[in-house]
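Okay, here's the structure, questions in a sec.
First chain written, first letter: the chains are A, B and C, and each begins at residue 1.
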Amino acid sequence: MIYDFLNDLTGSPFIAGTITALLPLFAFILPFALFAVLLERKVAGHMQDRLGPMRVGYHGILQTVADIIKLIQKEDIIARNNDKLLFNIAPVLTFAGSYAAFAAIPFSSVFLGANIDLGIFYIIAVTGLVVAGILMAGWASNNKYSLLGAMRSAAQIISYEIPTILVVLSIVMLTGTMSLYDLSESQTSYFWNWYLLGGPEFEIQKFLLIPFMLIGFLIIYISTLAEVNRTPFDIPEAESELVSGYHTEYSGMKFAMFFLAEYANMFAVSAIVVALFLGGYQSPFGYLGNLLNINWLIPLEQFFWFTFKGIFFVFVQMWLRWTLPRLRVDQLMAASWKYLIPIAFFNLLIIGIISIL
Amino acid sequence: MRAYFNNIFTALITIFVGMKVTLRHLFTPSVTIQYPDVKLPLPERERNRLYVNMDDCIGCDQCARACPVNCIEIETVKSLPGEDLGKTSNGKKKALWVTKFTIDFAKCCYCQLCVFPCPTECIYMTDVYEFSEYDRNNLIYDFATLTPQERQEKIENFRKFSEEKEKQKAKTDKSE
Amino acid sequence: MSVRTEEMVLNMGPQHPSTHGVLRLELTLDGEIITKVVPHIGYLHRCFEKHCEVMSYPQVIPYTDRMDYLAAMGNELGYVIGVEKLLRIQVPERVEYIRVIMAELQRIASHLVAIGTYGADIGAFTPFLYCFRDRERILNLFEITCGARLLYNYIWVGGLSHDLHPDFVRLTKEFIKEFKPNLRELNNLLTYNKIFIDRTANVGILPLETAINFGVTGPMLRASGLKWDLRKDDTYSVYNKFDFDIPIGEGKMGTVGDSWDRYYVRVLEMEESLKIIEQAIETLPDGDVTSAIPKKIKPPVGHVYSRVENPRGELGYFIISDGSTSPFRVKVRAPSFVNLQIMDELCRGHLVADVIAILGSVDIVLGEVDR
């Protein structure tokens, strides 16, 4: 792992730890957020027969950089009746929640913040911080719209964690590991070994599993979509009802923190889906590095495949956003409790039965 | 139970149908243009900023009276008997000095009602639409061609002339 | 132990993204359930009726444009028909045909905005831009005809300000041809979308009796199941020469008179308008459009009530003439104003999100509500 390598190199666990912790932030989250915001606007633009940002740089590629510069310069407005302490903590907490998730995400076989045995469990637990941040933001804003948005958001994220966990459980049950690293390693480098297609073991069960894995995949994708508040589940920030939900009152860099957290979260949940069902960082058709006998190429290829798959799912999230209307609060809850959870539960049962066959 | 699965099924189908539509649009050329760089050609009847061709204006005040928002202000002074103001392009003889002809484009509602009554067709709408200003007063356009001194002079001339006429009239009245 | 709860008053608007202008709704909430809605209007009041008293008859026309600014042609038509009744003048056939074409194009443009913004209210932003893309083409047609895109001052007492542009007929035919598949696409993307149906069907049900009692007109009344359209029932201009249907709400996805019905009636009406335009263009007579415009408009003493079917309902003008060149009084029966009253009735018991869905389906234009 990268921490061990740096520890050996510098001999100081502190330096190694700091670098390992900051690496995903600067090497990945910030560039990704910049890219994803641009991608979102471009996708939105072209889907709506527009062009999207075109002014800054060639076809607007520097637009988000300009936006960040603008946001940094903006006045940080704190209204008189805000709860100042919570108001200031909330964006940090929200961002910390989604940032912490990146610690356990396996970008490649060597670039992995911490190889925790309970990787997937850790990610699901730590993203719960986001709920706290959102609730704080909504409460501290002292704005009725923000409060409504925050309340909705808390209810939504908590109820959608259940189907997510049920699907995760079915995979964990099948493999017997919670480590995302082990999960990715076990889906060796060909796409028919992915858990979406029944897992790496080539037996009769594999073919029985395929339809249920597909259902599980759909459920986890939908429920993670809800967890990151994306359309059709974006009711916490439904701009046509609640103006902008819990971040209505935020401006400048604090607003940017929420924004960054949202996009970091989008990638984080896509990464979970990828790691569980689509082979994680494994290449779908073998490695060029193995073919050419260049060992250092393999991690790079793995990184490429992982980000490629992740960004593809982020793109699908955007695609859905610019296609669908949004659900209502009660329908959102109904979708989770009446549809996703029972189906996920039966799916879990069936996968369990198949796996002991 | 059937309704339950039917719900799931229709939801998925309609979502995929919608996604197909948006995906197709992802690859269709955009309908918007890059505005300040590219501009659409305007039709010939375009109704934008008014223009007054003062060479043809006879100061008849018809446009100002037609205006529903009173954005046109015209002041005129009669010319003296000896002065020749020339003719308009359609042969009307001018008889008035136009000392003030302002249009306040902050008020103008671009309804074109002023254009139709003009006897010499000297007021018309152009296709200029980019004339925003930082100060509202800059939107008051003065079309009169006379310089301020000339205007003063014309007003003064006419005042003197009418005074003289008054005097003369008084004289003739007295002599009678 | 019981938890002490209290009702919350939530101000929606006048600065809110989906109150369609400067409407302020005072919502009383029990949790997220609406117990009372009080619309506060008047933020866009511009004294239209008082202005009319000092304007000459033709000068009022640009002001009528600014009431329902999404359907300015319809507003002009209603006023002009009233003044023509007062003056007892007959306008040439061609003028009537062009007026019908314009009013129907305007109806499509207006319904496109209604549908598009409704989609945006529900959360689908893409159909909104598709609708505006199509509306843009209609506005271009208006622009080549009279030079303005939104506030036309095109229909005059006794005639029209300009004849049709030579390209108009060709471009309109092109538009109709290209608009039909776009409408199908819109239906695929939004109308039949399950989420959209869930959000709108069975929401804000307006029973026919309540609708009539409140004086609701237009697509809202038709969605509640009554075939009432002034174009057929109190025909004006040359509408009786065309063959078209009046779509009514059938409760296809829920109950008759729900928000989805109101939305869908508008979609169907656009198709009917296309039919009218097609027929009118085929049979467009020749003639001079300015010949009947009177030199001086000075109606005899008297009063008249003229009404037209605007995209939002029955638009009525009550004009009193005292024999001078300006009307003594012009009273407007604005459909949006009347339709807006129903908000409290429709919203009670629904969620905050439904207020937006209902308000969007009522389809108000604040310029007309406040005048």
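The working rule: a residue touches a chain if its C-beta (ideal position, glycine included) is under 8 Å from a C-beta of that chain, and two chains touch if they have at least 3 such contacts.
A quick note: this is a predicted structure, and the numbers were derived from the prediction, not measured.
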Pick out whichever of the two, A-B or B-C, is joined by more C-beta pairs in contact.
B-C
Give me the ID of the chain with the smallest distance between its Cα centroid and the all-protein Cα centroid.
C
Find the geometric centre of each of chain A and chain C from their Cα atoms only, then give the gap between the two centres in Å, rounded to an integer.
45
Would you kindly tell me how far, in whole Å, the mean C-alpha position of chain C lies from that of chain B?
29
Find the geometric centre of each of chain A and chain B from their Cα atoms only, then give the gap between the two centres in Å, rounded to an integer.
57
Do you know which chain A residues sit against two or more other chains?
47-50, 322-324
Residue list for chain B, restricted to those that touch at least two other chains:
7, 15, 18, 21-22, 25, 31
Multi-chain contacts in chain C: which residues touch at least two other chains?
126, 130, 133, 189-190, 193, 195
For chain C, which residues are in contact with chain B within the complex?
55, 58-63, 65, 126, 130, 133, 136, 143-148, 151, 153, 161-162, 165, 185, 188-190, 192-195
In the complex of these two chains, what residues of chain A are touching chain C?
44, 47-50, 144-145, 148, 231-232, 234-235, 238-243, 322-331
Quick check on the complex: what are the chain A residues that touch chain B?
43, 45-51, 54, 319-320, 322-324, 339
Complex interface listing, chain C residues touching chain A
8, 10, 16-18, 32, 119-126, 129-130, 133, 189-190, 193, 195-196, 198-199, 351-356
Given the complex with chain A, which residues does chain B contribute to the contact?
7-8, 15, 18-19, 21-23, 25-32, 34
